[in-house]
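Presented below are the structures under discussion, each in the form of structure tokens.
Shared chain: chain A. Partners: chain B in the first complex, chain C in the second.
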Partner chain A sequence: MNPFDVTKAVDYSDQELFYNWVDFPKHSFQNFIRPTLEMPMLIVGSKGSGKTHIMKHFSYSMQKIRSNNTFDNILKEGYIGVYLRCSGLNGYRFLGRNETEETWNSVFAYYLDLWLSQLFLDVIDNIFVINKGLQKLEGIVCEKVLNLFSTSKEKIIDIRGLIDFLKLQQKNIDHAINNISLSSKNLSQSVEILSNPGDLIFEIPNIITSTVPELTNIKILFLLDEYENFSSGQQKYFNTLIRERRNPVCFKIGARRYGLKTTETLSADEHIKAGSEYELFDLDNIFRENYVEYREFLRNISIKRIANSQIRISTDISKYFNQSNLDSDFEIIKGKRLHIDKFITKLKKYKVKNVNEIVKNVGCENVLIERLNIYIIYRSIKKGENLIEISSLLKECSQQYISGHNVKMYDVILDKFKQDLIDALYRENGLKLTSYCGFDNLVKISNGIPRHFLMIMKHIFRWNTFYENDFASNTVSTEIQLLAIKDTVLWFMEDANKTDENTNYRYSIESICNFLRELRFSDLPPECSISTFEIRNVDFNPGLKRIITFLEQYSYIIKEDYGRRDKNSNVRNDMYQINGLLACWWELSISRRGIVKLSSDKLENIFYYNRAEELKIMMAKELLKYNVPFRKENTVLELFD
Partner chain B sequence: MDNIEADEKHIFILPEYNFGCAELAGLENKYNLFKFLTFDESEIFLPYFKDYIIPNIDKKIAFDITGFLRHHIVYFIRLCKQIGINKVDFLYSEPIAYKNKENTKFSKDFQYVREIMGCGGSHSVDVSNDYLIIGSGYDYNMVLNIAKEKKKTKKVQILGFPSLQADMFQQNVLKAYQAEEEIYPKIELDSKDVILAPANDPFVTASLLSKFVKKANEVSPITNLYLCPLSTKSQTLGMALYYIFECIDRSVSIIFPFCSGYEKETSEGISRFWLYTVEF
Partner chain C sequence: MAEENIDKYYYKLKIFSETVWEHKISKNKIDIWLSNFKEEERENLLFLLTQFIYFSKLQIDNMLISIYRDFYKYVIVENYRLSNNNTTDIVSIKNHFKESERKSRFIPIGNPSESSSSLLGEFRKINNIRKDLFIERSELLNFTLGDIEHFIFIDDICGSGHQAYHENQAYISHIRTKFPNSKIHYYSLVGLEEGLEFLNGNNQYDFLESVLRLDKTYKCFSSESRIFKNNEDNIKQDDLKQICESYGLQLYESIVIRQGGNPYYAAPHKLGYNDSQLLIGFHHNTPDNTLPIIWYNEDMITWNPIFPRANKVY
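For the complex of A and B:
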């Protein structure tokens, strides 16, 4: 059995969710979420960040499990969590069919009130069942709740009856909506709204906590998951409830990064404000900013899942993953020496004199130093230096280095470009880049999105089974890790297939990654560890802004929080790093060091799929600057006669 | 079309196919063409039923589902049930092959998911055991779109087996694997989450669907059920029949990923014609 088959909380039952729960080390999710906090909280995170798992953890069904179904233990938590999955409400039915937006909005508001109230009363009904002493209060509760409805004078004596009454009101709306397209009867003719917007959501909890003495100080926490499934109009109504929140009700709203479609409310279209009317909790940022704890979190999840599958492993999980083995790989490279062939071809193509001697001088038994020497020769070509002299110097340096001495010139370059040179060596010799392998790197690649890591693990176990490799007794090879990364990338790219208004997001992603890769593997890359780009004034360019927002919201690019100040204008520029999974696929760095500065014009050429021709020309021009013979277009380099 | 005897022959020109005048020129004088600009199935069929079907309710109706879009087929059947039509013959012509095998493109520009008009149930607030049953065809982007809309439901696929042609089942499965992560944790053809139903038999499809739901309810009651027809038109018919006979007034809806356009020519040749007679 694959311990990582389940990568989504939805595929777990409540018991399984409880069983597989792993808290965030050191801080604990409880401290971030603060379920009894009165200020509403918007929890945003990428697909797979774990929002559902966290929100369900605070729901009544989980409270019940962890308190062994004991009423007193639930009360100790200080709140009762009512979990709503917004997609379950089928918000898409509240539009079109020749009805006005106004009609739909008022019907939706009533419908949502009925829906949330049913969920809440379901929980209360359950509490009354596990604490039979409370049942004597049901009649009073029902009477007070029914008073919230304008016409109903029903005789309802218990909570179950009250839920049935609400269900009936909801059913009437469902029928009315359905009948629009079967009988041409419009909505306002058939739907009767019996309560004021928000009254049911705020007043029913108030009635319960004021009538049931044991619940007096208990908060009623509504947890709305998948807020992105509500339309702007629907969110506008709920934003109004956020603004007008009344005790004992609290709200936690979970949404994808792009999930909050509007901050407008129905109060004269005013906006709710982060900080004063709701707190914004960015799950991705928490994971990204607390790398040590995040690593520990993923380690704990992995160990728990593997242990739950009856596989015995040690707690030092990183030892089960093979990492890049430079010694053996360098031996293979030594046998091939294709980087030297490429070097010779280049020098000959540009008619450099004394090629044989230069090549002989840069040669070294340590292939990394040999590649470093090539890099230095490229740099000398750019500077117009005497290549024979430089190569002779490099010969000496190599000998010193091999005999264990420090070579300052080498140290300076290796400090910045070591990984780039290693990756270039692999690439030039036709080997797959293995620098992404190993537990720590897989954690890094996931960029604070646990599901990305879990997906990689899922595919690792699959390939392990395919190759009949036992996880507990053998390490996972770099080949299997790379195959697993590839499978995960294919899944990750699926969301990029969206197209709108002359935009092809998949093309934009491929294009920026290709561009950065070409720069990274040029002869003299402009920066080390390329995978981050910087752009200024993107706010003034709506087309670019739309693409960047999409890529950022889906975590294809990760926005660096503080950006960077432009040296000349002092304007703070936006900085984005390519997602780790994409970085692996496009052989970019998974570390953030060098930053490629891009103008709006360049980025437009890269992102707009109708500018493929312009991009080709731009890339050719750009690469001329970083590849031998390092010249601007139409200029003749005197060095090569 | 020419070989069928009928008092009136009506052809619907749907905006999703984006036909040009030249393409329609040969049909203009031969048949009664109904050209639509609306994408809304109820705006197409409600007036049509009022003007043509209800006044002729005692006559025989044959409905060729081959070129209609899936949501039109479902809505047509739902309306037949609503107004009390007794019997309709459905015609279907089976292709020899799809143009680019499993990579054939069918739909263009996904817009949104909604329920097919008249097929919305009243759903339960308890979503703990919601099911989405997808009739899965080659159009896997659409399967993904529907799976993403109902992210947190248990998903079941109906695959066409036996398929229309021998190689189509394998092609279908190849596409099914592409959506695996969004649909299941793991795809297994012999799993309980796959229904194998003949690609050209709506009645067996409806019957297998009914059996599956009954069985699933016995294990643990389904809280809400969503159906999505994305496979062959015959299976779409089967899903619609199951809905109108067993699901109306229950917490069941037929939902669909709507697109702004569809490819006109996706298949090659005709291997067989089918006549399905439905008595409501």
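For the complex of A and C:
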């Protein structure tokens, strides 16, 4: 069995969720989420960041499991969690069909009140079952709750009956909506709203906690997951509840990045404000800013899942993953020396004199130094220096370096470009880049999105089976890790298959990655460790903004929090790093060091699929600057003929 | 070997293995199989392996259901209704079918150690048929009892049709003599059209069907072979055929020699029994109609099969 087969919390049963729960090291999710906090909280995070797992952890069904079904232990937590997936409401039903927005909003508000109240009463019913002594209070609770309904003459004596009553109201609404096209009545005639908006959500918990002495100080925590599935109008209603929250009710709202479509409320169209009316908890940021804890978190998840699958491993999980072996790979490269062939071809193509002597001088038994010497020769070509002299100097430097001396010129370049030169060596010699392998790098690649890591692990286990490789007794080869990354990239890119009249997101992703890769593997790259680009004033360009928002929303690019200031204008620019999975696929860096500055024009050429021709010309011009013979722009055709 | 193609083929094979091939192969098993061949031949063979058609237990179980239900039961029911004014009387239909079933005998093709025999065990279980309605083929010659109306031969594959024809001849003569009013059926999971036509032409069986009929496009090296249609990888049919023939001949020769025959007679079988040229395998076994390089599992020549055939040399 593959311990990583399940990568979505919704696919787990409550028992499995509990069984596979891993807390965030050091800080604990409890400290971030603070379930009894009165101020509502919006939990945002990318797809796969673990929002559902975290929110479900605070739900009553999980409280019950971890409290061994003991009422007193549940009470010790100080709250009762009521979990709802917003997608379950099919919010899109409450739209159109010749009904006014106002009517729909009223019906939706009532429907949501009924739904949440049912979920809450289900929990209460269960509590009354666990603690039979409380059942004597059911009659009083029912009487008080029924008073919230304007015209009800029902005689209900227990919670179950109350739930059935709410269910019936909800069913009536479903019936009216489903038959709206067939009925001669409009919605306002066929649906009767029996309570004030929000009354059920706030007052039923109030009735319960004031009637049941054991629950007096208990908070009722509504956990609304997948808030992005509500339309703006629907969010507007719930935003109003957030604004007008009353004790003992607390809210935690889970949403994707950009899932909060509006901050408007129904209170004279006022907005809810982060910090004063709700607290914003950005899960991605927590994971990205606390790398050590995030790494530990993924390690613990892995160990737990593997152990739950009856596979015995040690807690030092890193040792199960092979890393790049430079020594053996350099030996292979030495045997091939294709980087030298490429170098010779290039020099000859541009009619450099004394090629044989230059090549002889740059040669070194250490292939990294040999490639570094080539880099320096390229730099000298750009500067117009005497290549024979430089190569002779490099010959001496190489000898010094080999004999153990420090060579300052080398140190300066290697400090910045070492990984780029290593990757170039691999690439030029037809080897796959293995610098992405190893547990720490896989963590890095996931960019703070646990599901990306879990997907890689899932595919590692699949490939391990195909390779008949036992995880516990053998390390995972770099080959398997790269295959697993490839599978994960294919899965990740599925969301990008979205197009509209002017946009093809997959094209935009491929295009920016191709562009950055060409820069990274040019003869003299403009920056080291390329994978990040910077863009100015993107807010003024709606077309670009839409694409960037989509790419960021799905984490194809990761926005760096503070951007950086333009040296000349002092304007703060936006900075985006290519997602780690994409970086591996396109052989970009997974570290963020060098930043490629792009103007709106350039980025438009890259992102807009109807500008492929312009992009070709732009790339050719751009690469002229970084490739031998480093000619001016007007020689484009000569270089690419 | 073109790296990209190799990666692509392994990738495909991994997906096949973890989905429809019941984890029957692994990277190691593929590499061991490839070690039978020369380095320069391996890309071709890897491509060939991606074209292999495997019938899993689930598929075979459903095919066995189909044989019993569609070829046997429904035909009996249909005939009964036709001769009874399209009756819908479920009780009389059920009684008639029960009676017909009692007067039926299901017989595997081949001897008890062969794959059709174990297949028939599955056939019985999955269709919930009484044990006493099954007999071994060898028992047929002594079988004279009862008022049997249907003799149903079940086979996994009908390739050229020659085995089903020649090997059954004596048994069928016996049935025709002893049970002149009975009907003789032959049903297979998979049948090559040419084999089914051959059997049909010989009128040996009253009823003849195959769940899956394979036309010439399933023959690896026929001019219409589906394997090489839309072949983007520039794999040459002639090259691959030559490789399969040269190894296949050696392998089949060893079988013929072991059976005491003249190696000369191996030539027609170098691409599978009687030039079947198939590339298929079943959960329970790989038929000899498939290319021998896939299944050869004898000890006369050191060979690592990828889908081994249960040893058949007696």
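Simple rule for what comes next: the second predicted complex is superposed on the first by the 628 of 641 C-alpha atoms of A that agree within 3 Å, B and C clash if a C-alpha of one lies under 4 Å from a C-alpha of the other, contacts with A are read in each partner's own complex, and residues count from 1 in each chain.
Going forward, contacts are C-beta pairs under 8 Å (C-beta built on N, C-alpha and C of every residue); 3 or more make two chains touch, one makes a residue touch a chain.
What you see is a predicted model, and the numbers here were worked out from it, not measured in a lab.
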For A:R593 in the superposed arrangement: first (chain B), second (chain C), both or neither? neither
Where does A:Y467 make contact in the superposed view: on chain B (first), on chain C (second), on both, or on neither? second
Among the partners chain B and chain C, which is in contact with a greater number of residues of chain A? B
Report for A:R337: first if it touches chain B alone, second if chain C alone, otherwise both or neither. neither
Enumerate the residues of chain A that count as touching chain B in its complex and touching chain C in the other. none
Partner chain C, residues of chain A touching it in the complex: 430, 462-463, 465-468, 483
Which of the residues in chain C come into contact with chain A in the complex? 3, 11, 14, 17-18, 23, 26-28
Footprint of chain B on chain A - complex, ascending: 2, 5-8, 10-11, 14, 52, 85, 87-88, 90, 92-93, 96-97, 115, 118-119, 122, 170-171, 174-175, 177-178, 180-184, 226, 229, 455, 491, 494, 497-499
Where on chain B does chain A make contact in their complex? 40-42, 46, 75, 78-79, 82, 109-110, 112-115, 117-123, 125-128, 130, 141, 144, 149-153, 181-182, 185-186, 224, 253
